[in-house]
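Below are two complexes that have subunit A in common, paired first with subunit B and then with subunit C.
Right after this comes the complex of A and B.
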């Protein structure tokens, strides 16, 4: 991982590539690298879909090694959804494969001429860029089928669906999993639209004939990885709950806590929660011959994912994540797993962020375009996007735009990005993260649910404002560092509770790169990432006024606890004071 | 007095999802988990009426008690 591949998609005479040394970016990976590059190379006021923006794709520092859980990839750009810096993080096979191919980053630059579409092929022999007009407007699953016919199923793809080609601001980049299905998505912030603007339909990567990356100190690395895996296996969440039920195990507990946003964030409990819970999904998958325990990439030992099949045992989609189940379920008043799985498939197929899609449909329901609970109606709305109708384009642009067009003022968004599956009035800590994250409303940026609800890393009362600033600050710093390693964020449950497991991670980094990082060094990395991102956003025009929740979260009480968001503006403005 | 007891995830195995229980005054969540042979470490997250509770929290008439093992996601 000692080179950077830059492709100017707008070069005269067709795309032009060059391979560079790491230079000023040496020692960076994942989010640290994407954010450093965007901050250094993209004009903050640039048009996100213009020639000045760049799309940076970077595996983490430990990707491509035997380190368990190290297969997460970061996709960075200036976001067409938020207007700020973006890092969308995803699983799938791409991080491992790209790292083994030796690239710390792929950078797509410039602007493809209108109507041109390309595919990029990368293998051990080099890089080829070819026209891909035959793939125009193909949904992701159809695209991957075609690619399979030509390149086999041992390659890995990053692709956009019709939503990305139409440059919709909630479009995603799909990444294939171990079964060569486009089920994993860099979902948030419209990264697919930026890839679409660059005229790249798909990046096909082949690591055939390549070995894992070798650590500086193999002995110490092996030892640390062993402790790492042991730590993950012995923790109750990463060793048992996540493998058995997936992230969807949260439905019941978040519903119980009164923070499960229902029908466009009107109440905090959904009467249909049990029908869409992780327990129910696991049951259905087991009975129908699906699979409730499955990893999204080689080397995942937690395996939170699964495979959802229909009554006849036929593949429908991956096991929908908690966020998706909530977005298309409770938030739309829908309590049917089959409908949710179908919506998950359609989102993946057209290349859309499931969170912003569920939120946008919730808005359409509030506007009376369809009724809450209308399963067919929800499916049809997503299909409209696939057809490229004006209604579809509005939904595909995400909740903030849909709310404006449909005249709905209660839009659960921050910096233009839809809130995920936790109401900040009942879980105040996550509200701090939503408000202040450089990414817009994003739960992963500082997952206060761990400590507010799940009692990981201690306990801070979710219904009170005390302690939330510090909690969110510390988690945002830690997350920025973890997102740079290539590690899946779900390791956080184990490292928050088990100091020796955190140490094993630090030891792996040290053994791999010959460093002597300690906990402070890890925190310093996280702060550096956040500072670069904050700085970019400031120059892009963001002020303290953007670090707020929509007004109704301060005025409209959320049943059953009848709380509003109570963290003060002054407190919010202190999150990044370190 | 009567209270509703709800179990989740692995705690349901060999037990129940939800049960209406007849309890003596002064019953705590710990009394319930002991009666159901749930180990302390497995009763990790507790709610009474949607508010976080502890093992020694008292259960009152009509309460809705939820008991979760350690879980996570996101």
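Right after this comes the complex of A and C.
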């Protein structure tokens, strides 16, 4: 992981690659690297689909090692959805494989000539860039099938579906999992559209013949990793709830809290919640011969992912994540797991962010195009995207654009990106993160649910404004640091509650790199990342006015608590004062 | 003109009106009034389609008097297209009639319940607000026909077509002309969508039994108006070119300059220019029995409008304005006047901004949906809007949204609004106005063409950056003042060149209101208007980064001059330093 692979897709005579030293980016990984590179190298007022934008793909600092949970990859660019800087973070196999291949980052630059499509092949012998016309407009599952026939199923792919090729603003980059299925996605912010603009259909990575990365101090590293795994296994969330039910364990919890946004954020409880709960999903999967407890990448000890099968035991999709279950379920008034799993599959297949898709369908329902609760209608709307119809292109452009085109006022978006599965009127802390995150509305940027609802790292009353700023600030700082390590964000539950588990993470970093980081050093890294992102966004034209929720969250009360978002503008403007 | 009519469309039990004194707005008219009111009363982060937005309709300070050219009306709101403050300015009969009715402004507030549609009737006896379900989704010409049957053709209407009812971001408000045709439009920024959100289909105004407004000093006023008319008639642009050929006189001139944006701003000259020139249009109109010399409102002495008829002498549309001829002509590679006139009619009929429509069709052509030059295809695209199809909704949302949905990088927009008919790479002064105007890309906000090309008020070389900032600054200040008087902007040619004509305007204002304004006072008014607008936009989230042209104007050279836009960011940021 000491080199950067740059590919100029617009070079005269076809794509040209070069391999560079890390240079000014030495010591950075994951989000710290993608954001530093975008901030340093991309003109903030550039068009996200233009030659000036770059797509940076970076494993984390501990990816490619034996450290448990280190398989997250960061994808950075200027976002076509938000117009600001973007880091979309995903599981799957790519981080481990790319790190073992020795690349701290792949950087796609320039623009391929209109209509040209390429595949990039990376293995221990080097890099090849070849035309990929045979893959044009293939959905991700079909693409992977074709690739399997040629390259086998031991490789790892990062690919775009038709949505990315059409440069739709809500398109994702799919990443294959351990079963070589394109189920994990760098989903948010339209990173797939940028890959599409670069003319890259798929990056095929093969780590055959390569070993895990070696720490500077193997003994200390092994010891720390042992404590690390013990810590994760002993915490209730990472050791019990997530393995058993996956992220869908949250359906009943958030519904109970009154913050489960229902029918385009009109109420905070869904009468059909229990039908789509994590318990119900696990039960269906177990009964039908699916699998509720499964990891999305090698080295995962939490095992929150799963496999959803139909009544005949045939694979439908991965177990939908909580945010997907909410987006295609409660937010659309749909209480049917089979429909939700099918929508999850379609999103993955066409290469779309499930959150913005659920929100966009909610907007279409609000506009009267289909009715709330219309299962078949929702499925058809996503299929329209696969067909490339105009309706499909509107939906595939995300909730903010769909609301504009359909003339709908109530669009639950911040900086153009759809809000996830937590209503900020009932869970005020997450509203602070939605409003102020550099990413647009994003629960993962500072997951206040942990403390507001799950009572990890203490408790801050979700219905009051007090304490939310500090909570969101600290979580945003910690998250920016975690996103740089390659660690799965779900480690946060354990490190918030167990100082020794946090110390084990720091010890791993120190043992691997020969550093002497402490908690302050980790926080300093997080702040540095956020500052670079804020600075880019400022130059791109973002101001305090963009660090706000849509107006109706301040004026329309959400049942059952009948609360509005109460954190003041002045408080919001203090999040990044540290 | 000493009262304000406010109608709360969302009042319990149905719309409620009240008539107020001018209060804090005393002494303001037109744009000065609309912008002051929006800045003072509308939450800058409000959703433009929400209850917090207001639609303010205000005649100018001299409207309703015998002053020549005083028939312009201002329509203000927070724009659904730009997200900033908006003043869309139009001719037609409304300004004169509303002023004679005594209203300095009509203010539409709140939101009618979903699905409700109203008409507002105003005459000397008062105001009535009635349901207008019978007008639902009627195009403007059909609507006016129905209204004629009930109210006669001596009334004046401001109405929205299907585009406004669908709340599309590029929808206009139509204003009837002297022949009771809905040919004049408050076109830019989606003001029609705001009227649609308010649930108002049409405002029917009747000035029967009312006299012109009386000046404080009738003698001085009459004398000044006489000099005013003489000045306008003696200037080559307002006395000869505009009467003879209308605004289309510019086709050959701008094409010759190399700044006539062709095929979505790819080149600066169009091989089909002479086929769509003002000379050609006038010739066709004369031969077929149309009329190339005609006024759009009572009291016009420039007579730049006209009537376009088909081969059988049957009315097709008003004579398309230069920007329309460009938008639907050169920008789409179309060189056929009949097609352009039909597109002009369709835009007017459905209630759409012709500039954003031509730009959006150019984007659709760039995306390969139809080919450049496809006349029938262009007509069908606008008809799609009338049908309310998804493709139609995308196009009707304007060029910026269309580019997003179609994945097109090269969108000629600033602050979400399409650039008009002058390429800023060949005419650098207008680029300064496009970039920095509070309105988004807008030629009328500071018409540097006057000095860059027509050599009115001196000459500043259009191909150099020198002098453009000062030119645009001064014109933006002057325009903001003129837009407040109700005067047609075309008076600018004469007042730039003839000090005595400018003095006549000032004398009219002073004689009418008993003031003692001088040139400095006029400039101070313009600065005050711009400052209020800039302040609103700042609070709405606009920064220096928004005062820029799209990146490709800085990187892609425009033939035939092979120039990029050369005014620096630093210079742009100095426009409002006065």
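The definition used in the following text is that the second predicted complex is superposed on the first by the 578 of 578 C-alpha atoms of A that agree within 3 Å, B and C clash if a C-alpha of one lies under 4 Å from a C-alpha of the other, contacts with A are read in each partner's own complex, and residues count from 1 in each chain.
In the analysis below, a contact is a pair of C-beta atoms (placed from the backbone, for glycine too) under 8 Å apart; a residue touches a chain by one contact, two chains touch by 3 or more.
Computed from a prediction, not measured in an experiment: that's the story for all the values here.
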Contacts of A:370 with subunit B and subunit C, given as first, second, both or neither: neither
Partner chain(s) touched by A:66 [first = subunit B, second = subunit C, both, neither]: neither
Touched partner set for A:401, first subunit B, second subunit C, both or neither: second
Subunit B versus subunit C as contact partner of A:46, first or second or both or neither: second
Touching partner for A:127 - first (subunit B), second (subunit C), both, neither: neither
Of subunit C, residues touching subunit A in the complex: 43-47, 49-50, 52, 80, 166-169, 193, 196-197, 389-391, 393-394, 397, 401, 404-409, 538-546, 548, 550-552, 555
Subunit A residues within the subunit B interface of the complex: 235-238, 240-242, 244-250, 252-253, 256-258, 269, 278-279, 304, 322-323, 443-444, 447, 449-450, 453-456, 459, 461-463, 489-490, 493, 560-561
Subunit B to subunit A touching residues, read off their complex: 6, 8-10, 12, 41, 44-45, 47, 50-52, 66, 68-74
